[in-house]
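Below you'll find a set of structures to go through.
Two complexes come next, and they have one chain in common, chain A, joined by chain B in the first and chain C in the second.
Up next is the complex of A and B:
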């Protein structure tokens, strides 16, 4: 064992994986800095409830789990930088930050990326109306904001979040008009059969399903919202069956929540240049990692859902395993100690991951939707680029996603392609007969989100510009 | 629970909106029935909070003049919220 290297570790993301990893790293003796964009730790699942939500949302597992995590973090020696977003990363892993005091740079000797997952969205006619929100967004609004998207809600998309969101609507006293799932009922039954491996998920799923059934909520499988129309009273939604497009169902609701599963957030890892692969089952790009989160760069680790979506329980175990791996790689603990420390978490993780992997096809059940978008459907929300515009560009020879972007502005708006990348890729792949992987991805660009010019200039004013005296004539 | 912070008010355009100090602006606005936070700079159609996690950029508003995300920015007493106009 060479002499231990206690150089500092920077963790991006204060969710379950990042916070768990940061705490474990600090226990190994590393100076740890944790960066998170929210004002307190918890990530999306353990997001702290708002002062209003604390009044109206019944205490639940996510609140108590989040509070425990936040207490542990506060009691640790981890240096936390909240309300701070990473907007860039250099090839040498210097991070560009925007925090409460403006912009800053932080060189990271070792970087742990734990920035989680983002939601995948697929378009339909009329989906830009403000009455339609993301499915994960609806969960954040309700669980962490205590606020219903509307009194009556259609819950649509794919993956387990459908049933969680439907349950949350009921819990806040709202009405779930219908649940519209792109997945096959048989896939859910197969998943259900595996849930004995994950008793916590089994208990939760059973209580949700019993309550939804008791409420008599219609559930459509292999179906999607194909159109939303604004009416005087709210929304009129057309639900189309994917295998029988002539079968349609109409629902009136105040709002709809719609999302098609989660995908890893890869802007930071792609910009840092680690190897990525396209996971055809998850339908997303993910960094290539080993079972401890090591990447193609020895100074960069990825942990939690950012390394592939596996859910909350796995994220905690991954965070822990990554911390032990760094301690091992830096010569702080021996191989024997590493194996002892990780034996149980790795075993638990294998069991839970068997269930998580079953969820990937359910989350990606909408993958065929982009190929069949109607021509006048808006694909890129920011630039309002329609499917027809993309199809003409493809006919004119746009063969990969970046070419399509350059020709049509699809993905060039302020969200930087986060909302349209999956649907543009699916449409392009179908139109060219390519695989989604061949269709490519939008090149990751800095800044990762729009930066206010005032943040860049700070207190600097025009009069601060040193003007040299004019040379004598 | 047991948290008895009195409601505060702020304005959005011509509306006086009630909220709890510290909660996200978009949540308080939605309870007041306000979902449209601005207009698309491209086709002028309404836009509102969509992803609620700081990715989509559609909930951008101005709070006392400064650009902010309505899904994240906390409600403060007497603040003035206006749409962010894309140029």
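Up next is the complex of A and C:
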């Protein structure tokens, strides 16, 4: 074993994977810096309720899990930098940060990216109407702020978040008008049959389903919201059955929460230049990793949902395994110790992942929707680009997602294409008979989110500006 | 759109290598004149300098000797509906170049004078006069050079417009095909070989218009011209209420600042990033990002309300004398180059048209751009 290298490790993301990893790394003796954009650790699942929340969703095992994680982190030697966002990363792994004191740079000798997943959204006619929000956004609103998106809500899209959000609406005293799921009922039943492998999920799913059934809430499978209209009484939502487009159902509601599953957040890893692959089952791009989170770039590890969406329980195990792998790669523990430490987590993970993988097609059940978008549906909200504009650019020869972006501005707005990438890719692939992978992915650009200009400029006078020599005349 | 290439190659009248504004315009005018033309690019077309540039139609930042060309290019952009077939949204605005120190004022006056001599309608205004034209500028300015003939163009609309025009003119567009070799063919013409394609494309003549990548390709034809690659930084903000209406610059030419119709402000001026064009991959130099943005905020103080949306870098090429390369490379008049044009987006359509005219037998004045000026190769020497 070579002599141990205790150089510092930087972890991006204080969710389950990142926080678990950070704590384990500090126990191995590494100086660890943990960066998270939220004011406290916990990530999406363990999100702490705001002290100003009006009401809170009653605590369940997820919340107590979050509290335990936060306590462990506080007791550890991990240096935490909260309310700090990463807005850029260089090929040498220097991070550009925006924190409470402005911008800063942090060179990372070893980097663990654990920035989780992002919701996938697919557009429909009228989706930019107020009171239509993402499922993840609705969940944050309810868990963090105790606020209902509306008194009556249609919950639509795909994946398990549908049922979680419906449950939260009921907990806060709201009415779930309907649940609209792009997935097949039979896929859910098959998943249910596997849940014995994951007792925590089984208990939760059973209690949610019983409750929804008891409340008599209509559930449509293989269906999607195809149109939203704003009326004086609220939203009028058209639900269309995917295999029988002539079958439509109309619902009136105050709000609609809609999302099509999760995808790994890849801006950081794409910019850092690690290899990615398109997972056709998940319908998303993910960094190529080994079972411990190693990437094509030495010293850069990806863990948790950022390495492919597998859910909370797997995220914790992945975070742990990645920490042990770093200890092993740095010569801090021997191969035997590594194997001993990871035997149980790897076994547990294999079992849980069997369930998580079943979840992927359910989350990606809306993949056929973008091909059929109506011409005047807005695909990119930031730049107000409609499906017709994309189709005419494709006709002119834009057969790659970045050319399509360059010619139409789709994906150039403040959200960096997070909202429209999946639908633009689906539409492009369908229009030129390519696979989604061949259609490509948007090139990531810095900053990863809009950066206040004064954070970059700071206080200065004219003479502080290092003016380059004059251009040739 | 990439046409299947058969084992027995078609012979094109002209094969143009590099589908930026220079190559694409040349191809368009040749095809319109009846030639059979192929246009090849290593990537999708218009993705290099011609797809990522700032779209300033500027005389203030153009090399003095190129002002007549820039004036013509700007006019072409403003009437793109006429010759390109669609209006790409070019907008005529005034341009103001500012001086904040005594030294800058002197530079401003000197540069304005030289450009005036070359035909640019530039006059130097007092601070008060400049503020009347552009109320949002920093009142500490000392003087400004005013040019009525500036403007800007939404670059993103240009590539699609060219693609439609080229296709309509019958140009064969071959994308995602890096050219890796050019072989003279006995009996005249060239075989152009591309990575990933079994068969070359044959042309009676070739045009090299590969921008920042010209150096290597000119080397294949026996030219040894060191071409510097600039890595220009651009910064765009989120949409803002109107903060300016003209194109703003400073005396030494290292700022270009304008607000597009949608409210976003584009900050450029040729601050440099880092990168290697052969390995690919560029990166922002933090001090240069800060410097460029500080300069912009100094010139228009209300930019302190802005949010930076994106920063990117693009590659521009420059010859040792910073003048273009446009003209014939061989005595047989069968290989040509067009590129390395300073502020080349402004004059691009005009430069491309001039080369097409030259290839079609015309005699436009390209003397100052003669690519043989750097080499010991005699202009009418032997075939390399």
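As a convention for this text, the second predicted complex is superposed on the first by the 455 of 473 C-alpha atoms of A that agree within 3 Å, B and C clash if a C-alpha of one lies under 4 Å from a C-alpha of the other, contacts with A are read in each partner's own complex, and residues count from 1 in each chain.
To be clear about the criterion, a contact is a pair of C-beta atoms (placed from the backbone, for glycine too) under 8 Å apart; a residue touches a chain by one contact, two chains touch by 3 or more.
Note that the coordinates shown come from a computational prediction; the quantities given were computed from them, not determined experimentally.
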- [ ] Considering only touches as defined above, state whether A:190 meets chain B (first), chain C (second), both or neither.
- [x] neither
Open item on the list: Once chain A of both complexes is superposed, is A:451 in touch with chain B (first), chain C (second), both, or neither?
Closed with: second
Open item on the list: Which partner chains sit in contact with A:277 here, chain B, chain C, both or neither? Use first/second/both/neither.
Closed with: neither
Task: Which of chain B and chain C A:248 touches, first, second, both or neither - done: neither
Task: Partner chain(s) touched by A:350 [first = chain B, second = chain C, both, neither] - done: neither
Open item on the list: Is A:213 touching anything from chain B or chain C once the two structures are fitted on A? First, second, both or neither.
Closed with: neither
- [ ] Please work out whether A:140 is in contact with chain B alone, chain C alone, both, or neither, and reply first, second, both or neither.
- [x] first
TODO: Would you sort A:128 into first (chain B), second (chain C), both or neither based on which partner it touches?
DONE: first
- [ ] Determine where on chain A the residues touched by chain B overlap those touched by chain C, and list them.
- [x] 413-414, 450, 452, 454
TODO: Would you mind writing out the residues of chain B in touch with chain A in their complex?
DONE: 1, 3, 5, 19-24, 26-28, 30-31, 35-37, 40, 42-43, 45-58, 60, 66-67, 71-72
Task: Residues on chain C engaged by chain A in the complex (per definition of touch) - done: 1, 44-47, 51, 61, 63-64, 100-101, 107, 111, 114, 140, 156-157, 159-160, 163-164, 167, 173, 175, 237-238, 251-254, 270-272, 281, 283-284, 286-287, 289-291, 293-295, 297-298, 303-312, 322, 342
Task: Parts of chain A lying in touch with chain B, wherever the complex brings them together - done: 37-38, 44, 50-55, 59, 85, 118-119, 121, 128-134, 136-138, 140-141, 145-149, 255, 381-384, 413-415, 418-419, 449-450, 452, 454
Task: chain C-touching residues of chain A, taken from the complex the two chains share - done: 88, 90-91, 96, 105, 273, 393, 396-400, 402-403, 406-409, 412-414, 445-447, 450-454, 456-458, 460, 462, 464-473
